[in-house]
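Next up, some structures in structure tokens.
Two complexes come next, and they have one chain in common, subunit A, joined by subunit B in the first and subunit C in the second.
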Partner chain A sequence: MKQHSPIFFWLLLAPFALWLILLVIIPHFDMLGIALREQTAPRQYAFSFKNFSEFFTEPLYWRTFMRTAVMSIMATALTLLIAFPVSYYIAKMLRGRPKSFLFLLCLIPFWVSELVRTYGWMILLRETGVISNGLQWAGLVSGPVELLYNDAAIMVGLVYTSMLFMVVPLVTVLESLDDDIIEASYDLGGNMWTTMRNIVIPHAMPGIVSGCIIVFMMTLGNYLTPNLLGGKDSLWFTEQIYTQFITRFNWELGSAFGILLLLLSSLIVWLGLKLSKQTLTSTMAS
Partner chain B sequence: MIPSISQPASLRWTYRAYILMFYIFLIAPLAVVATFAFNDSLFPSLPWNGFTLDWFTGDTPQRLGVFSDSAMLESVGVSAFIAFFVTALSLFVATTNAFLFERYDFRFKEFLYMLMLLPLVIPGVILGISILISSNSIANHMDEVFNLEIEFLRPGLVLVILGQFAFITTIATMVIGARLRKMDRSLEEAAYNLGASKTAVLRTITLPYLRPAMVGAGIVAFLMSFENFNTTLMLTSSDSPLTITMFDRLREGSTPELNAVSLLLMIVSGMLALLSVLVQKKEDA
Partner chain C sequence: MKDSVIDLETRNVNKHYGDFTAVDNVSLQIEKGSFFSILGPSGCGKTTLLRMIAGFDEPDSGDIFIQGNSMLGVPANKRPANMVFQHLALFPMMSVAENVAYGLKQRKVAPAEITKLVNNALESVDLGDSGKKKITQLSGGQKQRIAIARCLVLEPKLLLLDEPLGALDLKLREHMKVELKQMQSRIGTTFIYITHDQSEALVMSNKVAVMNNGAFEQVGTPSDLYYHPETSFVAGFVGDANKWKSKVSQVNNKSCSTQVSNGATLRGKINGTMPIAVGDEVDVFVRPEAIKIIKTGDNANENDNSLECKVIDLLFNGANSAALLEDITTGKELHVALPQTGEYIGLQTGQKLTIAWSPDQTHCFNSRVKG
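This part shows the complex of A and B:
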């Protein structure tokens, strides 16, 4: 192996360090600093936990936080439930052209902006929308029905937006499962359910964990989908952050919220990695 | 269940019906967006009043089509401007990152690689506000100490570019790094043995080998920048890029013009996606 001179190493390290330190690390420490301060007089600040205590004493704030967390977990579970049979079908039931066609078809919607996808759901779900009209036409309902601006609409949008990030790791991991092992399970008297439970799901576990972690993180940090599909009462935590920063101009409280969201996200990711004995690097690679 | 093991027909058909429903679910929102771009009505909803191209070419105030809507066209320009700089910056840093992590061994390499992945884990809104806070505190400091007002550190195009560059670089690094890892080092060794200099090897062997990955990463970076919403929302000011303009219009209540813009976006991103798939195919060959 050709030995490189150290000057090249430092030349390559410089852009990396500048990018990471200036745009990622320092900003987050600044955010922490602002979250931990309190204005005592005009232009006078003091160290304080006031912003965090405000979060815990104001029910609206921590309820929104918990609601965002619980709904993100539900959306992740639902995405897994819907994506698993589809991924299994693509990975194990199909060969050749149909297989790559269906797999590519899965990816296409995600090349399109999230805004456009959400807009599509608004056209489908709103009072004057396609589904409402379809139901009236079929005689199932007598007047227009508003399907937008509720939690179910948010859930549909979140699951839709997350689908790709579940399907890709699942297909990858299921493809690596040898058909012979499934056949052996049947030969030994297993049926569909025992084979799924004892062979397929344990084998797919790394993909399931990767998919769930990525979907959970994306859902938690989502702003567009809850905002547009949930309307005024969507109560998503990122909206609270936006309100504090842009509408109320209370950067201290907004930063504290940002730190809390980061902590929650890291905690869940860490738990997921610990439970599945994986590392962040291996999860991202798949 | 696999094809070689027979299952009851009812189960097979249920499974197929489920897959079909899944794809309807996947396609439906995009299909309605595209269809209503051609509806001869002031609202993107039923009833269907017949086919029109007004939402593309119309130029009356009630029926302003995309191609006559100067505010919309301007925001497309803003988005393209941002995406160009984000792509250039992130490709450069991603390439140096790829060489750093694939060709050198150093202390804390694992740890630094994990830090490199960090921007993917941080929610876009938070990445946006953290950069807003930092640049704002520098700007305030400059203002107080040197009485200098530094315009580009306030919300606006430069901050949007920096915010998007912060996380898109990670994605580009992963694409280019994966390609560099697969490279057969003996190609370079052979060139060195034949007396080539370091720059000659880089220029004639290594970079041409990396080119498909760089084109692919460039397309992805451009699209991700063009379509980014969360980070941009926190850092933008009056020159709003396309996604922000569309979002504002959407909340005011939309005309089918938005469908027309969306359809054009779908076509362009679809073509870029196809291009990147083709480039990848060539790469594997």
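This part shows the complex of A and C:
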């Protein structure tokens, strides 16, 4: 290949570098700075770990934090569990037109905004909603049932919102698996389960991990869905951050929470990569 | 060879995809320990037939027996037949040894036993020290051998091979042909090999079935197919041949005289199952090596077919050299083999010459497709 002048490389890199520096790196350093200070007098600030120690001494904060993490992991696992068979069906069982149709069907809900989709779930699940009315009409329940404002409703909303972001990498990675290889496994005596475990899942691992990373990050940082479907008691960590910044004007604590959320998601993604023996590069290449 | 033991039998097997008949009423018997090839152009249904034997497709009608047991409704993972895939289908997520061990693991063989069998299998294909390697570290020929070892370690009754040499380069393909043939005679497993390459089929097989449009045209030994083709298709597909469309002018017992339009009279043997009568359209075949070039001064044997030709091109290819000639009266192109014995060294493009060949080497088939 012909050696181009390095200026082309830097020109190509420039928009991305600007985006990274201006919108990601500088704000984070600024946030870290704000998180590590304490107001001693009006307009007087001093270096301090007070914001972080407050997080660990106030049970509401770190319980919300842990709850958000655990629920996000559960939502990710659930999304994977539902998306895998769907993706396998789209990628391996279907051909031609039905395949593109089904893939499009997964995409269509994402043509409307998350807000509208979440309101959709509220119309279904609320006390006077479609499901409640349907159950009453069928005579299965005697009075209205409230299906909103609980953890299950949050979970349903999160899984629904994340589905496409799991299906796309899974379909891509499964399509790259030759049918021959699956048939060879059967030919050598494998059954459906051993083929899944030994052939399909190891092959799909980069897609599974990249799907999980995206879904986990999206879920952990989601604000709208837990708030609308979970109501006042949803206790999602992003709501705590919002409260500190907007309601309490406590930017210091809010920043500390933001930093902690970043550390948490990095830690869990790192653990996930370690456990699945994948590297970030191999995952992103899939 | 032990006769009487039949490893594979298919009875009137049919397979349709919509209106398309992929496999048309195929019946065959394959003796234990033989190397059986199914030869045909792409799209002739040979892969479909093989997939039905392996258990990936079910026939629409008919039955398949492996050592006398009907395989209808038996899934691929329960059949005593293993397949070497066209692109080998080695498992890239596993090491070489794990690939070979895969089938044994599915059978729940004890781990110590698996290690032993896998080592033996790797030794038998001369890859004893490659067990820990990744699949991507192997060369084309080594992958081939692993794909075969992976099947043979399970001691199948049948080994099915789906054009496995197709992806190799010419030199390696020639080498693997010989290696496969020797491997088969050493281990004695019945091999069923499908290919569109006639040289692969002829070199390796005990018996070859020539398949066209979903049906078998002829089943026989390689030399049978070459010297005694039963159909026009076999005569044209197996080996090289010059072909004329001609009209029968005279029939005597087993031979006939035919008239090529605006051209020569060609005499030949009547072949095939379709009878030939005066006035029928026939396909006339003659092999390039059956044609002699008559030196100036010599006269052709008066019973021989002979043509006046012009040399268009000389195709030098060592022992397989040939001359491309043009029939002066009809302009038809002909291939004539040129043995490199020095006899034809003076041949030049544009030169006019006479060629001749015996009617015994000339095969005539009724052009109407049978059935």
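Convention: the second predicted complex is superposed on the first by the 252 of 286 C-alpha atoms of A that agree within 3 Å, B and C clash if a C-alpha of one lies under 4 Å from a C-alpha of the other, contacts with A are read in each partner's own complex, and residues count from 1 in each chain.
We take it that contacts are C-beta pairs under 8 Å (C-beta built on N, C-alpha and C of every residue); 3 or more make two chains touch, one makes a residue touch a chain.
Being a predicted model, the structure only gives us computed values, none of them experimental.
**Student:** Just from the overlay, do subunit B and subunit C fit on subunit A, or is there a clash?
**Tutor:** They fit: once the shared chain is superposed, the two partners occupy separate space.
**Student:** Using the superposed model, give me the angle at subunit A's CA centre between the CA centres of subunit B and subunit C, as a multiple of 10 °.
**Tutor:** 90
**Student:** Output check: A:Tyr119 vs subunit B and subunit C. Expected answer is one of first, second, both, neither. What do you get?
**Tutor:** Touch partner of A:Tyr119: subunit B, not subunit C.
**Student:** Determine, under the contact definition given at the top, whether A:Leu12 touches first (subunit B), second (subunit C), both, or neither.
**Tutor:** first
**Student:** Return first, second, both or neither, reflecting whether A:Trp111 touches subunit B, subunit C, both chains, or no partner chain.
**Tutor:** A:Trp111 sits against subunit B, while subunit C stays out of touch.
**Student:** Quick check for you: in the superposed arrangement, does A:Pro144 touch first (subunit B), second (subunit C), both or neither?
**Tutor:** Touch partners of A:Pro144: none, neither subunit B nor subunit C.
**Student:** Going by the touch definition up top, name the partner, subunit B or subunit C, that contacts more of subunit A.
**Tutor:** On the superposition, B touches more of the residues of subunit A.
**Student:** When the two structures are overlaid on chain A, which partner does A:Gly231 contact: first (subunit B), second (subunit C), both, or neither?
**Tutor:** So A:Gly231 meets neither subunit B nor subunit C here.
**Student:** Check whether A:Gly189 is in contact with subunit B, with subunit C, with both or with neither, and answer first, second, both or neither.
**Tutor:** A:Gly189: touches subunit C, not subunit B.
**Student:** May I ask you to decide whether A:Asn198 touches subunit B, subunit C, both, or neither, giving the answer as first, second, both or neither?
**Tutor:** A:Asn198: touches subunit C, not subunit B.
**Student:** Contacts for A:Val86 in the overlay, against subunit B (first) and subunit C (second): which applies, first, second, both or neither?
**Tutor:** It touches subunit B, and subunit C stays clear.
**Student:** Aligned on chain A, what is the least Cα gap between subunit B and subunit C? Give it in whole Å.
**Tutor:** Once the two complexes are overlaid, subunit B and subunit C approach no closer than 5 Å between C-alpha atoms.
**Student:** Show me the subunit A residues, by the header's touch rule, that subunit B contacts in one structure and subunit C contacts in the other.
**Tutor:** Touching subunit B in the first complex and subunit C in the second, residues 183, 186 of subunit A appear in both lists.
**Student:** Enumerate the contact residues on subunit C facing subunit A in the complex.
**Tutor:** Per the stated touch rule, the residues are 54-56, 75-78, 82-83, 85-87, 89-94, 102-103, 106-107, 150-151, 154.
**Student:** Subunit C touches which residues of subunit A in the complex?
**Tutor:** Residues 178, 180-181, 183-191, 194, 198-199, 202-203.
**Student:** Contact residues on subunit B for subunit A in the complex?
**Tutor:** 1-5, 7, 15, 18-19, 22-23, 25-33, 36, 43-47, 92-93, 96-97, 99-100, 103-104, 106, 110, 112-127, 129-134, 137, 162-163, 165-166, 169, 174, 185, 188-189, 192, 223, 226-227, 229-230, 233-234, 243, 246-247, 250-251, 254, 258-259, 262, 265-266, 269-270, 272-273, 277
**Student:** Which residues of subunit A touch subunit B in the complex?
**Tutor:** Per the stated touch rule, the residues are 1-2, 4, 9, 11-13, 15-16, 19-20, 23-28, 30-31, 34, 82, 85-86, 89, 92-93, 102, 104-109, 111-117, 119-124, 126, 128-130, 133, 160, 163, 179, 182-183, 186, 192, 195, 217, 220-224, 228, 238, 241-242, 245-246, 251, 254-255, 258, 261-262, 265-266, 269, 280-281, 284-285.
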